[in-house]
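This report refers to the structure that appears directly beneath it.
Labels for the chains are A, B, C and D, by order of writing; each one numbers its residues from 1.
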Amino acid sequence: MQELRVGIVGAGAIGADHARRITERTSGAKVVAVVDPNEERAREVAAIAGGADVLTAVDALIATERVDAVMICSPGRFHEAALLPALQARLPIFCEKPLTPDSASGERVLEAEQRLDRPHIQVGFMRRFDAEYMRLRELVASADAGELLMIHAAHRNARPTNPEYVQQNLIDDSVVHEFDVLSWVAGSPVRSVTVRQGRRNSLSLPHLHEPILVLMELDNGVLVDVEMNVSAQFGYQVTTEAVFEKGVARIGQPSGLELWQEGAFRKAEHTYYDTRFAQAFDTEVQRWVNAVRDGRLVDGPNAWDGFQVALACEAGVEALRTGRTVDVRPATIPEFYAPRVSPASSTLS
Amino acid sequence: MQELRVGIVGAGAIGADHARRITERTSGAKVVAVVDPNEERAREVAAIAGGADVLTAVDALIATERVDAVMICSPGRFHEAALLPALQARLPIFCEKPLTPDSASGERVLEAEQRLDRPHIQVGFMRRFDAEYMRLRELVASADAGELLMIHAAHRNARPTNPEYVQQNLIDDSVVHEFDVLSWVAGSPVRSVTVRQGRRNSLSLPHLHEPILVLMELDNGVLVDVEMNVSAQFGYQVTTEAVFEKGVARIGQPSGLELWQEGAFRKAEHTYYDTRFAQAFDTEVQRWVNAVRDGRLVDGPNAWDGFQVALACEAGVEALRTGRTVDVRPATIPEFYAPRVSPASSTLS
Amino acid sequence: MQELRVGIVGAGAIGADHARRITERTSGAKVVAVVDPNEERAREVAAIAGGADVLTAVDALIATERVDAVMICSPGRFHEAALLPALQARLPIFCEKPLTPDSASGERVLEAEQRLDRPHIQVGFMRRFDAEYMRLRELVASADAGELLMIHAAHRNARPTNPEYVQQNLIDDSVVHEFDVLSWVAGSPVRSVTVRQGRRNSLSLPHLHEPILVLMELDNGVLVDVEMNVSAQFGYQVTTEAVFEKGVARIGQPSGLELWQEGAFRKAEHTYYDTRFAQAFDTEVQRWVNAVRDGRLVDGPNAWDGFQVALACEAGVEALRTGRTVDVRPATIPEFYAPRVSPASSTLS
Amino acid sequence: MQELRVGIVGAGAIGADHARRITERTSGAKVVAVVDPNEERAREVAAIAGGADVLTAVDALIATERVDAVMICSPGRFHEAALLPALQARLPIFCEKPLTPDSASGERVLEAEQRLDRPHIQVGFMRRFDAEYMRLRELVASADAGELLMIHAAHRNARPTNPEYVQQNLIDDSVVHEFDVLSWVAGSPVRSVTVRQGRRNSLSLPHLHEPILVLMELDNGVLVDVEMNVSAQFGYQVTTEAVFEKGVARIGQPSGLELWQEGAFRKAEHTYYDTRFAQAFDTEVQRWVNAVRDGRLVDGPNAWDGFQVALACEAGVEALRTGRTVDVRPATIPEFYAPRVSPASSTLS
């Protein structure tokens, strides 16, 4: 079996990260081309891969016919422009989250994909590949602790990822992960969203009012509360507590070396998402590479999952703006995307 | 200094418990009389105390002039009838929670108490004497982790305390504790209450729809969410997670002997409130006894605190019934009850 | 039942501590006299008790006939001189550890006590009253995890309790607790002791070479290793890990408020024995008071237990000096002290 | 850069495991041949790799000149016979532990390797690649908690790995890991070994007397105790507690999903080494592959490390047999193997 030849679109931080992953830590693929309008940046990422081709346009990449698959790592607003030609070229695609920034563009992508014989897009919600989330989902599916009733979640960043981070990003850049992964854990999509704003963290960026408390109701009646906090100062932390009929489960707790020093027992906490989800990112990409090589094309969240998250984000943003409970626009899953079958996957070829 | 002679009103479970506490584990007091309309039951509790007098009416107790102080341990709806004559007799009073079951009766008690020279009633919210809640309150007061922003709480019972437990008791018998202790920790009263009902635990009593999620906004803007769960099956658990500007603190986590057995690492969890708060109950009573003996009369939550909780309960019950956000009726603290001074106390003589 | 009138012999830190305990936190006793050659110091402790008599000699105390029981809190080398007259006066005695500093004086005390109708001395090994040690002993007794095979223990002080602390005190002042409590947990006395000295803590007192590793073999074959460390700097910690045939149990782990701050998850650790064993001290004294009041006289480790520990200490000190494995001098329990019956007790009246 | 062509010698469990690892989870290598006298077994492992060549003798493998490097996964007593021809062919070698079963054969291998220009052998002590051991080693090296003084370790298997496991294997198959990794963490080789046998686990194999307590003294004076337990029943657990001058660190504690159920708080514990050290195995092989591809050849424990462990095992086995403290035969590191430089490595090309 030949190594999969991958073209990376977007030479920012996440593009560089995936280039390093494929080159240094996962099996069965190599990066053969890097596309970025900023040629300098593309060259740097190509160097990580040991000398891939450097291109400045997606169309050029596809025209070369030298790639077997594409990873889209550009900012979300450029995703549609890369997804559509790649779909037309019938290339398997790994698309970083979000699928697209709004549901209208998402619908265009879904339409284009459905012209193919089967789903070709996997979306980069890496939390589904974290061992603890996987274990929690199994616990829900097994009903060993009874039915799932509630979820309490906290999503804490030490500080906003960049100074351009605005209030709406609390929903569409951050809670977006909970929309996806908690629905997946619970086996039920988001039905409505409410947002509560309380006391403001004075250490946050001046234009932000946070933390916020996001309440979701899932289709199966499960209530979810999420503390969304991007100025937690002390570190990076994503925790989930799932309340069942007969028990309570918790993931995301600190682990690793324990140290008694200076009057306290201490464990280091993560400071950024890259270490917290390091293993999840590797697993995600390895499973995608394997799926493409053996013809399944997708082994993880697909475009339909990405579209559902876009709908939940639209409701969340409106809930944030209005203070009201906002229903998520209902959407019926096309036959093309059904059925869900394996633990971390929602599609089969 | 003579031992304080205590009369216990109400010979149920909590009355018996306090009789045992005073007789066997705390210093400076003895139970000299037990009152209960059920003479048999009063006799049993009197026996715990090594032979106290047995009476069937509060008035008879007060008439004897043989007691220095009274503990009211009868059901809440009988509290007013015991509080008023005890106040008239100028006796120091320890009154189990709730002060009274509604705010109207509470106002009558406050009025009667204010005819005395200073507060005489301490209310039995024992959580304020739990070492972990005290430590959490200190952390808030110190601002070592910045300002308090949010509180996430869970109050889980293995099962309802009795088969007569009804939906409204989720608020007025259970969340009542959070109304008191979380306001005390945060240093701010409850401003409004919202209740969300999600998926029902099928193992609960047939007439109950729970767990519920109770949202409170405090006067200082702090948001509080409480999972109120009376059918958790696995045990008794009260946890609090406090989100600060620069850190997050958590109390109520499992402790004690750790056991690796049969493929798991395990710690026993509490099964009932009496072991979880055993030390808090002892401390509460010891501090009350000391306060009465040295003339302060109250060293803990006072009647005003009890009244505020009654107001919050009224809002909570309406929120549960209507599904709306309900504001707590505002109340201005009379000079008589101000100011708050010591960590676990809200009154000084 | 009258309150027990207690005379305290020795007005140092532990004497003051017990005076405060009896006066403020335990039921059924009061301190009526304090004896110390340093009258000033005796006066201070008497003040804690709200004005007890002040005396400068044990004999004077006994002659007054105003005490029902005696607590001996003087340094160990003065214990015999207080124990013998108190035994002659047939007074119940609570004697702080050690019973006496060596086995020869211990034998004289045992002889004097056996002239009475039953044991009158309880020895202050407070760890037997710690809830976690009690739970561990129950686990051994229940055989729920199979037979006990090994114990790993650590006894860590932030620093030596006083500048006069010498190398031998590692055994006779510190490991003395493990000799008692681990034998009690395992249900088997110490058979032999070996001491290993490794790398020295440069932060320790100049004349100390520690930490040391103390190995004990118990009569039932259980192997015990103890890290004895009196310069741990970070805090006070006593941990025990018990290896069973089917599981491993651990006690003494950090608990209480958890705090995420500055990149770490933290729990405060104890800094001194008084907080770590606060509850154990209270329980110990309360149970002794109760036993004296109801005629059992002893409800905890007795003089025979104290004597066995003295024998183990003698072996331990020789092992420390010689580097060899030293057998503990065997001793047959007199009928007078048999049998052991209740969880925390080795005697019955 | 071409993918590294690897030949696997030995098609048992660990050979199959490495074949799967290289094929499915690590980057830059592929398995092109599998050697085993049992052709059937070799064929099965070759199938895992997607159709590698099948051979029955090491010499045949080397003669083909189709491999760039060799992984030796056969039983220890066959290692020398594979190592010598591979060295003669100047092939980079990954050799599973032990290097060879005794020091005499180890010396022959060292001699042969020193005829080459630089070390070619990496030995499979995978614990050095576990993130927690790496972190602990950094803590020692940094002296942030002062000097290292003692190590307490426990190595617990649910049951012996196979029915042929004999008493001596407690040392040469199990403690062998602690000899390597704890010396590496402490930065000092083993100077002497003592073994204590206490109470026997009645659930162990009839011919085994265990658990045992292994005491080591390192050259720098650090004392180490290891509980070696191969019948722990409850699961697989490897823990290390390192005592420093100013603190205590602990690794190997349970982590992952936490579950409150049936009266207890629980975390799943590992049941076998493959999950406990899954990440360490992947990292180990990935780093070796990278080192071979970039010309360093070794990035981890080398043959000299393997030889030192063999010496410690010889002392350990004699200590087990005689009950005496046995010094490890001193050995001076040849210039060829010096110096140590990077955290997880002891060699540089």
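Here are some notes:
Just so we're on the same page, a residue touches a chain if its C-beta (ideal position, glycine included) is under 8 Å from a C-beta of that chain, and two chains touch if they have at least 3 such contacts.
Predicted model, so just to flag it, every value in this text is computed and none were measured.
Shared contact partners of chain A and chain D, listed by label: B, C.
Counting C-beta pairs in contact across B-C and across A-B gives the higher total for A-B. Each chain gets a centre from the mean of its Cα atoms; for chain A and chain B, those two points are 45 Å apart. Inter-chain centre distance (chain B to chain D, centres taken as mean C-alpha positions): 58 Å. With each centre defined as the average position of its C-alpha atoms, the distance from chain B to chain C rounds to 37 Å. Residue positions of chain C touching 2 or more other chains: 234, 237, 246-248, 260-262. By the touch criterion stated above, chain B contacts chain A in their complex at residues 146-150, 152, 154, 156, 196, 198-203, 211, 213, 215, 217, 220-223, 225, 227, 229, 231-234, 237, 241, 243, 245-248.
On chain C, the positions that touch chain B within their shared complex are 1, 3, 22-28, 50, 131-132, 135-136, 139, 145, 246-251, 253, 255-262, 279, 286, 290.
Residues 234-235, 237, 254, 260-269, 271 of chain A touch chain C in their complex.
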